[in-house]
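Working notes, structure below.
In this document, chain identifiers A, B and C correspond to the written order of the chains, with residue numbering beginning at 1 in each.
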Amino acid sequence: MISLAGRDILHSWGKFVFTGVGLGLLIGVTLTMAGVYRGMVDDAKALLDNSGADLWVVQKDTLGPYAEPSSLSDDVYRSLLGMPGVARAANVTYLTMQVRQGATDVRSMVVGVVPGGPGEPGQPGYLIAGRQITRGHYEAVADVAAKFRLGERIQIRRNLYTVVGLTRRMVSSGGDPMIFIPLKDAQDAQFLKDNDAIAQQRRRTTASPAFNRPGVPGLLDAVLASQSTNPSVNAVLVQTLPGYTPEEVAEPIRRWKRLQVYTRLQMEDLLVRKLIATSAKQIAMFLVILAIVSAAIVAFIIYTLTMGKIREIAVLKLIGTKNRTIAAMIMQQAVGLGVIGFVVGKIAATIWAPIFPKFVLLEPGDTARGFVAMMVICVLASLLAIRAALKVDPAEAIGG
Amino acid sequence: MHWRGIKIEGLRKRYGSGDTAVDALKGVDMQVAPGEVVGLVGPSGSGKTTLLKCLGAIIEPTAGRMSLGEDVIYDQGWKISDLRELRRDKIGFVFQAPYLIPFLDVTDNVALLPMLAGQSNRDARQRALELLGALDVAHRAKAMPSQLSGGEQQRVSIARALVNRPPVILADEPTAPLDSERALAVIRILNDMARRYETAIIVVTHDEKIIPTFKRIYHIRDGVTYEEAGEGRLFE
Amino acid sequence: MKRLPVSGRTLALIGVLLLLFASFAFVALRSGPLAPVPVTVMTVESQSLKPALFGIGTVEARYTYKIGPTVAGRVQRVEVQVGDRVQAGQLLGEMDPVDLDDRIAAQEAALKRAEAGVPAAEAQAREMVARQSYAEAQASRYETLLQAGSSSEEAVGAKRQELQVTNAGLAASRANLEVAHQELARVRADRGVLLRQRANLRLVAPRDGLVAARNADPGTTVVAGQPVVEVIDPTSLWVNVRFDQLRAGGLRAGLPAQVVLRTQAGGAVAGQVLRVEPVADAVTEETLAKVVFATLPEPLPPVGELAEVTVTLPPLPAAPVVPNASVQRIGGQLGVWLFEGDSVRFAPVKLGAIDLEGRAQILDGLKSGARVVVYSQRSLGAHTRVKLVERLPGVSP
């Protein structure tokens, strides 16, 4: 038995490989788009995993702290420590802002964590360089995505922080790198503006007769002092004791403390459904379009190749080749093209995925599904050419 | 006595129906013995191509009787269930142009049909090489068709037609694009093969250069054939 | 004859395909989720930690004297500028006396009048004494005369009555004299009051020191208690430091400290913890302490300057030490990942003190010589395959 498809590919291998590479780049783009989506979901999961929390306690009736702003008093955590099933509770603040280093600034999520020691909720779980924060002020642990190096001084609002540790994959759900600083510094950063704004505020307060009473000498100072402190945090991260389910611990807090509490599953659902939903739909549409385009390209190429051989196909039919054989040749060519394209696409996607600014996660499952889809597309796309080939009248080989 | 070769009796072919019907063949009779090379000559529109198509089991006649060797293939209806197999095993085609498969080498072009029919690759190629040798193109056995001259390609196509040892070869204007020297060479080869393999060959042509070579000629005009003795001169 | 091109082409194509599939496989195994996780490892050693505490403080003066009036008034003059050195008793400024000087003058006049009243009353008293003695003598003479029958009852009665009059007059004049004395005393006291009030309007430095603030200029109206001039004792500068309560264990008076003033980042000044405040800040959860300088830095740091203070605790006895980057909390327990060839195992530990460089003491759960994972490319689990590297990819030295 001879493989007509194989011989044809061998004979015009340049055309096939060239087409395969072109198709492969298209497939690579498709795989990358799926990877972008998976990356976004992974970002959200990483965010939740990295916080080290089992429960998120936030302001009542908010979807915070990631989907919506939430503000709690910073002494709420003390009352939570006494609730049944709570092993640890720690304040945490989140603020997305520009962090300056030298002449450049990087968009990051500044996380204020309690500098109690390793393993506290909110602290990064593992480092790739340096150490965790030990001092209560002016130290930072940054994610490598921010491109800071150990020992560099970065500026957050009015203070300079020394980078003492580096982490990996600690990113916000939007893909911004995280920078961990002590909680009190973060509270100041969230609240205090730059020196000009503070001076203006002081001027305004001093000019106000309500606060600047001549008969009460200490009043103005007390008011100014209260304006420059911030007793709020965005959330309290809670770790539960073994033997308690998260819902068991969450329900009393919701009821008696009049706060909103989310378990890990609820947070995941929130982030994936609400934050990523629109992007997911866009990517899904894009994937559908790419699949259609791929199918069209394969169909077009195979059809053109077949039409180029139409006289030979007529001759083959005339001299007695089975229709089945001809159809198999065309379908094998389409599948071969698809295989070449897919392999090229997968390699291309793997090579260029790390260069993307956001995290692209190429899952083996997606690769397998993509391969199967590609094969199905190739088979279906070849049907057009097969139909044309089979319709050819062998009598055409004999001139009129 | 068993008649081997081609026998056609009262073949009719009508295209269309009713008022617009055209009778391309109006009762054709023809006989070709194994080893014989006859010419089928007629102007365009005379029905010679239609006759060839009927013989080649490509189109279905309207009435009449056709037999190939001992098998009656048509008698007021097809008597063979698989026409494609008939074409593959019993009929060889030679066209105006060689129509070789461009992505198969010469040997495989010839060996293709037996391989598709289930013969082992080795046997099929062996047979192909024999034929190529007989046609004096064995030295080009591994070349691709595009590397061959026109005459070599034509010879390869004749080898392809012969590879299944069909009792019949139908040649449609095989010399049309050739000059007289090459045309005569092709006719000589056909005669040679016909003799060697006991094949009946019908050559449809209107090429003046080769008509004198036939011993018998069938003229076809308006759908009817007239037999005529030819000159039978194979020029040196 | 022409066998080569076809075979060559086939070989080439097969070669290309093999390369393609090989890179495919390579890519799948090395960089995807199937690849082993690179980790760096270090060997646990026994070290003696020198823990330290870190806090942020502000420079303050131990003694701040806020000099101001005790009654509302207007500032008349301020003699000193910020930064002047003053001595104890030096006049810093003065409030506007308004009518106080006039009232003092009036009081002076009243005093003089009262003073003059005393001799007048005395003179009058003396006169009355004279009269009374004369009247007494007269009365007794006439009594004698009456008894001798040379005077009339009427004359004696008149003399007796005169005696009573002069007695009363004497008593009155004595009383007047008393009044004059008391009047004098009262006026003197009033004057004293006004003078003291006047003195109160003078703002005087209670001790040697440095003028730190000049809050009101001449002409400004201030209320009672509002400071016009603030004087600090520059030799009494200390740093008021706040330590986060979670990291303030072991803080006590007498420990050595290093003070880095914000304006002199890099240059540390030696100091000592003077005392730990008995009252901590419950709202911000910080312990307060006062740290004094061993020698005052020159030039003097301004009051309010931020300082970073590191208090050195006494060194701890040697114990196994790991970097705090190794310590993770898995399943609710603190511990480290032990490196075992190509897999890892979680070992719970009990932590002791952690110094400022991130070295943590292990009290229980690890021995010296154990190899623990310090940095990993991804988070580790019980079944993660790992691979030992010198440095993680992507981290520059």
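We take it that a residue touches a chain if its C-beta (ideal position, glycine included) is under 8 Å from a C-beta of that chain, and two chains touch if they have at least 3 such contacts.
Bear in mind that the values here come from a model prediction, so they are computed numbers and not experimental data.
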| field | Label of the chain whose CA centroid is most distant from the centroid of chain C | value | B
| field | Chain closest to the middle, measuring from C-alpha centroids that were averaged per chain | value | A
| note | Distance in whole angstrom between the CA centres of chain A and chain C is 49
| query | Between chain B and chain C, what is the separation of their C-alpha centroids in Å? | reply | 118
| field | Where chain A and chain B are represented by their mean Cα positions, the distance between them in whole Å | value | 69
| task | Give me the residues of chain B that touch two or more other chains. | result | none
| Interface hub residues of chain C, defined as touching at least two other chains | 6
| Listing for chain A: what residues touch at least two other chains? | 10
| query | Residues of chain B touching chain A in their complex? | reply | 49, 52-53, 56, 58-59, 84-89, 92-93, 95-96, 99, 101-104, 108, 112-113, 115-116, 121, 144, 160-161, 172-173
| field | chain A residues within the chain B interface of the complex | value | 1-2, 4, 7-8, 10-12, 311-312, 315-322, 325, 394-395, 397-400
| field | Partner chain C, residues of chain A touching it in the complex | value | 10, 13, 17, 49, 52, 75, 87, 114-119, 125-132, 134-138, 144, 149, 164-166, 168-169, 182, 184, 214-215, 217, 231, 239, 241-242, 340, 343-344, 346-347, 350, 362-364
| Residues of chain C touching chain A in their complex? | 6, 9-10, 13, 16, 20-21, 23-24, 27-28, 31-34, 54-56, 221-223, 225-227, 243-244, 246-247, 283-284, 308, 323-325, 327-329, 331-332, 334, 351, 354-358, 360, 374-380, 392, 394-396
